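Same chain, two partners: subunit A is paired with subunit B first, then with subunit C.
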Partner chain A sequence: MKTFIGWAYLAALFAFIFAPIAASVVFSFNSDRFPTLPLGHFTTDWYARAFSRPEVWQAIGNSLIVAAATSAIASFIGFATAYTDFRYGFRFKPAYLALALLPPTLPLVILGLAMLAWLSQVGLSGTLTGIIIAHVVLATPFAMAICRLRLSQMDPSLESAAWNLGAGPWTAMRHVILPFCAPAIVSALCLTAAVSFDEFIVAWFVSGLNRTVPVLILEILQGNVDPQINAIGTVVFLTSMSLVIAAQFLIFRKRRHE
Partner chain B sequence: MNASRKFDPYAYVWRLPLLLWQGAFFVIPLIFMAAMSFWLVKNYRMEPTFVFDNWERMLGRGAFWDAYWITLWRAVLAGVIASAIAFPASLFLAFRLTNSGRRFALLCLIVPFFTSFLVRAYAWQVILAESGPVNAALGGLGLGPFTMLNSGFGAMVGYLTLVLPLVVIFQTWSLAAIDKSLIEAAGNLGASAWATLVRVIIPAAKTGLVLGALFAFIMTFGDFVSPFYLGGSKPPTLTILIIDTTKSGQQWPRAAVVAIVMILTLFAVATAAVKAAYRGRG
Partner chain C sequence: MNEPLVQFRAVHKRFGTYVAVKSLDLDIQRGEFLALMGPSGCGKTTTLRMLAGLEAPTSGSITIGGKVMNEVPPHRRDTPLVWQSLALFPFLSVVENVEFGLRMRGVDARERRERAMMWLGRMDLKGFESRRIDQLSGGQRQRVALARSLVTEPEMLLLDEPLSALDAHLVIRMQGVLTRLQKELGITFVYVTHSQSEAFAMADRVVIMGHGAIEQIGRPREIFRGPKTRFVAEFVGRNNILGGTVKAGLMDSAQGPVSVPAPDGPAEIVVAADRVTVSRNRPAGTAIQASFLSEEFAGTGIICYFETAEGAEWKAQVSESQLAELQPESGQSFWLSWDPARAHVMTG
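Let's look at the complex of A and B:
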């Protein structure tokens, strides 16, 4: 009985957390403009309408460019930082690590304001480059955390062994560290792309006319209730969830054999 | 581990990228924002100067302090409510599930963290609407309709959607890490289940419980989607104040004042919470 209550409680909590995601998918195929119970009939009309709008495709293009650039840069910086933490001890290392991990704890509205002000000073506000710059700041800590997790599973003497056998540091990096970290790096690429793909507050502050998908959703939302958002949202959910699940699969799959 | 003292280019290739990027695009923008709070806007352009005009204007406004206290109060409330709702689930996850079952549940909880909160908030807007599914179901029972949107309740639904997964993850981690023999010992010594919970389990898991509540506080304090789309902006929170001041008023320096007050508040709360979380631990 106690276990039953436990399961029921857990199920209720998960239902609350996942209700909006599930509802969005259901409503996107539902004919009512203002969905209620009982539901209307099945339709793909909202998808057809949403994806016939040129600005939606424009936004998708922008989002893909920003997400791809962000994930490449953030994963590189994240890996470099994780490796530095793994390999070296130095003065100010706590400050270095704080710099590496703090950005996501700052409210996005504040980061958005600071970015807008600073990027306009250097002439980058309103550009996709500006959004990429801001997203790399936000996404790097996640890449760093994943790569660090992977490195902590590696025997540190492995690299020294390669050095002792005559490999230079670059050769050891290429033949020992990078192959070992490969799943984590791919995982970081996926996760940082997901972070970028969903971020809309900073992007909204700095984007100007170059809207990404979530910024477009935000602007549609400021008008009227429109189930097209559910259609676009479902596609966005599927994209980011596949990226996150792929990232988790890659990082946790190997562990079982070790 | 301690690399040689002499200059090692290999080491710097890996160390510098973070310093350069986060220095140029995280630290400097924040410093610039702080400096900007002393500038003035004339003819829609910011002019560098050093006056306390914006500070006096913002901090002298009753509306600012109303926004401050409502934001702080909601963040505390969300931290407490989320912790209370999450705790029974975390206990169950930590003590009744197998290791692989628990890992699977936690992996599921990470997923929403990376999905669009904006679309989720919109879904709540539809679900909780006056004529929406929840009111339709309640109407079938002869209840309602209830006005749930554009209220503190609506905002709280948004906050909880945002923070609950993370709170459960923090709590479950710290609970699952408790040495099970401690709990058995308490039982063998005749402690009731309640006494074991209050005197053994909660103190042992304190770090995760406090950090979970802290993250709920931080995320609620900085959230603008829930108060805006589900809370109806009335009363406005600090985040809404920043957006209004920036977007419609073009008063970036005044928005910067609000942002700095928020950062200072978060810093004070985080320092206190981390101290409390690790107190009594080596």
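Let's look at the complex of A and C:
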């Protein structure tokens, strides 16, 4: 009985979280113009229409470029930050860590405004480079947290053991630290890509004419309610979810190993 | 010819304000099995890490093979270390772990595989080469760690409490493996441990360290039977220590006069627990009175604990039959006696 209530509670919880997304997916295949019940017949028409629009492809291209660049840069900086924390003790370390983990705690509107002001100062407002810089700021703490978790599971003598066996500091990094952290780094790449691919508010502030997918969705929505949004939304959701699930899978797989 | 392999000269090591090692002078001979022993925080591990180049001495010099090594980074030394945690690489297979040192030295793939396989065979690990580290037992991991350190054929092997994580019966087996290996290879082993049974069972010479300095260096038996300082006497074995001033062969100890074969002046003597005889009635000769506290089974015999009227703890080793005969009960008074000639007079 108890387990039944537990399961029912879990099911209700998931229904609550996923119902709107599921509805969006369902209506993206529904022939009716407005999301009402009963449903009309099955159609992929909305997908065909949405993906025949050049600005959609343009936005997807922008999003992919930004996500790829953000994920590479954020993961690199995140790993380097985590390694510095792991390897060195220094005077203002707590401040260093707090600063490194700060960006996600800032209200996005503030961050977006600040980014817009700063990027227009340096002439990058409205460019993809600008969006990438803003997203790197936002995503790096996630990459750092993942790499830091992995490094905390490492036997601290592993690196010294590599030196002891004849590896210089950089060789030890390449042959010991990086292979040990590989699952975390791949996981960080996926997660930061997902953060960037999804991110709307900051992108909306700084993107200008180079719209990313979430920004484009809002623009279409402002015009009218169109099931094409459901179609685009479903694709975005699936992309982000796959990245997040891949990241989670890598984190949990490595735990099972040790 | 007989120049030592390693020389520590007036080596100091400070971490901030904490002095880990002070004015250390130590020679390590070629081909000897040297144990560095002491309680935790005595500086033994720091000494070993300085030898491997993982710490740099604050002052003084360390030479290996006649070359001053103070500033040489760890990867340019040939001082492989067997770590307390073993520090095997979890993302590499067994044979890849063993090959690591050769790979870092640029030995080509075929040769390093051959040499690694040779060492795996020597360590009884044939057939395990493609296993992951987490698929091995504790004893097998231990042998992989040894093979990984020895594959480059170093002149010296450093070991940092390598047996501390093993079960008691495996420790004895590994002690055999280590001593045999050291004899066969003829290389220097520097072995850090806090366990006197390990140090005394394996080492040619034992260095007892306390508070960052050397207390005594000697062969195991010398140290066991002839501790030089109170620190060593308390750390090694089950010893009773008695101090006082000697006058004409008699010491005025806190437990009354005892006969001591030492020249006049202040002295401390050590009476090993296995050289104390326990009796209910006062025996002839040197004896002190103490009340029984408790007993402890210690493999070879039973250690009885006593307390003198002055509050000093005394230990005596008795056999099972002796214990049955004495039937001691807590608080009962006994006489503890020994042959004065077999008491050790400390000189340190």
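FYI, the second predicted complex is superposed on the first by the 257 of 258 C-alpha atoms of A that agree within 3 Å, B and C clash if a C-alpha of one lies under 4 Å from a C-alpha of the other, contacts with A are read in each partner's own complex, and residues count from 1 in each chain.
The definition used in the following text is that a residue touches a chain if its C-beta (ideal position, glycine included) is under 8 Å from a C-beta of that chain, and two chains touch if they have at least 3 such contacts.
Please read all numbers here as calculations on a predicted model, not as lab measurements.
*Asks:* Taking subunit A as the common reference, can subunit B and subunit C both be placed on it without clashing, or not? Answer clash or fit.
*Replies:* Once subunit A is superposed (C-alpha atoms), there is room for both subunit B and subunit C without a clash.
*Asks:* Applying the touch criterion given at the start, work out whether A:162 contacts subunit B, subunit C, both or neither, answering first, second, both or neither.
*Replies:* A:162 contacts subunit C only, not subunit B.
*Asks:* Taking the superposition on A as described, I'd like to know which of subunit B and subunit C A:192 touches: first, second, both or neither.
*Replies:* neither
*Asks:* Pick one for A:70: touches subunit B only (first), subunit C only (second), both, or neither.
*Replies:* neither
*Asks:* Which of the two partners, first being subunit B and second being subunit C, lies in contact with A:125: first, second, both, or neither?
*Replies:* In the superposition, A:125 contacts neither subunit B nor subunit C.
*Asks:* Of subunit B and subunit C, which one touches more residues of subunit A?
*Replies:* B
*Asks:* State whether A:13 touches subunit B only (first), subunit C only (second), both chains, or neither.
*Replies:* First partner only, subunit B.
*Asks:* Between the C-alpha centres of subunit B and subunit C, what angle is opened at the C-alpha centre of subunit A, expressed to the nearest 10°?
*Replies:* Result: 90 degrees at the vertex subunit A.
*Asks:* Looking at the overlay, does A:212 come into contact with subunit B only (first), subunit C only (second), both, or neither?
*Replies:* Neither partner.
*Asks:* After overlaying the two complexes, what is the shortest C-alpha distance between subunit B and subunit C, in Å?
*Replies:* Minimum C-alpha separation, subunit B to subunit C, in the superposed model is 9 Å.
*Asks:* Report, in rising order, the residues of subunit A that make contact with subunit B in one complex and with subunit C in the other.
*Replies:* On subunit A, the residues that contact subunit B in one structure and subunit C in the other are 169.
*Asks:* Please name which positions on subunit A make contact with subunit C in the complex.
*Replies:* Against subunit C, subunit A makes touches at 155, 157-158, 160-169, 171-172, 175-176, 179-180, 182, 257-258.
*Asks:* Applying the document's contact rule, which stretches of subunit A touch subunit B when the two form their complex?
*Replies:* Subunit A reaches subunit B through residues 3, 6-7, 9-10, 13-14, 16-21, 23-24, 27, 34-38, 73, 76-77, 80-81, 83-84, 87-90, 96, 99-100, 103, 105-111, 113-119, 121, 133-134, 136-137, 140, 144, 156, 169-170, 191, 194-195, 198, 200-201, 205, 214, 217-218, 221, 225, 229-230, 232-233, 236-237, 240-241, 243-245, 248, 252.
*Asks:* Would you pull the subunit C residues touching subunit A in the complex into a rising list?
*Replies:* Listed in rising order, the residues of subunit C that touch subunit A are 52-54, 73-75, 79-81, 83-85, 87, 89-92, 100-101, 103-105, 134, 148-149, 152.
*Asks:* Given the complex with subunit A, which residues does subunit B contribute to the contact?
*Replies:* Listed in rising order, the residues of subunit B that touch subunit A are 1-3, 10-11, 13-15, 17-19, 21-23, 25-30, 32-33, 36, 85-86, 88-89, 92-93, 96, 103, 105, 107-112, 114-127, 129, 131-133, 135-137, 140, 160-161, 164-165, 168, 218, 221-224, 229, 239, 242-243, 246, 252, 255-256, 259, 262-263, 266, 270.
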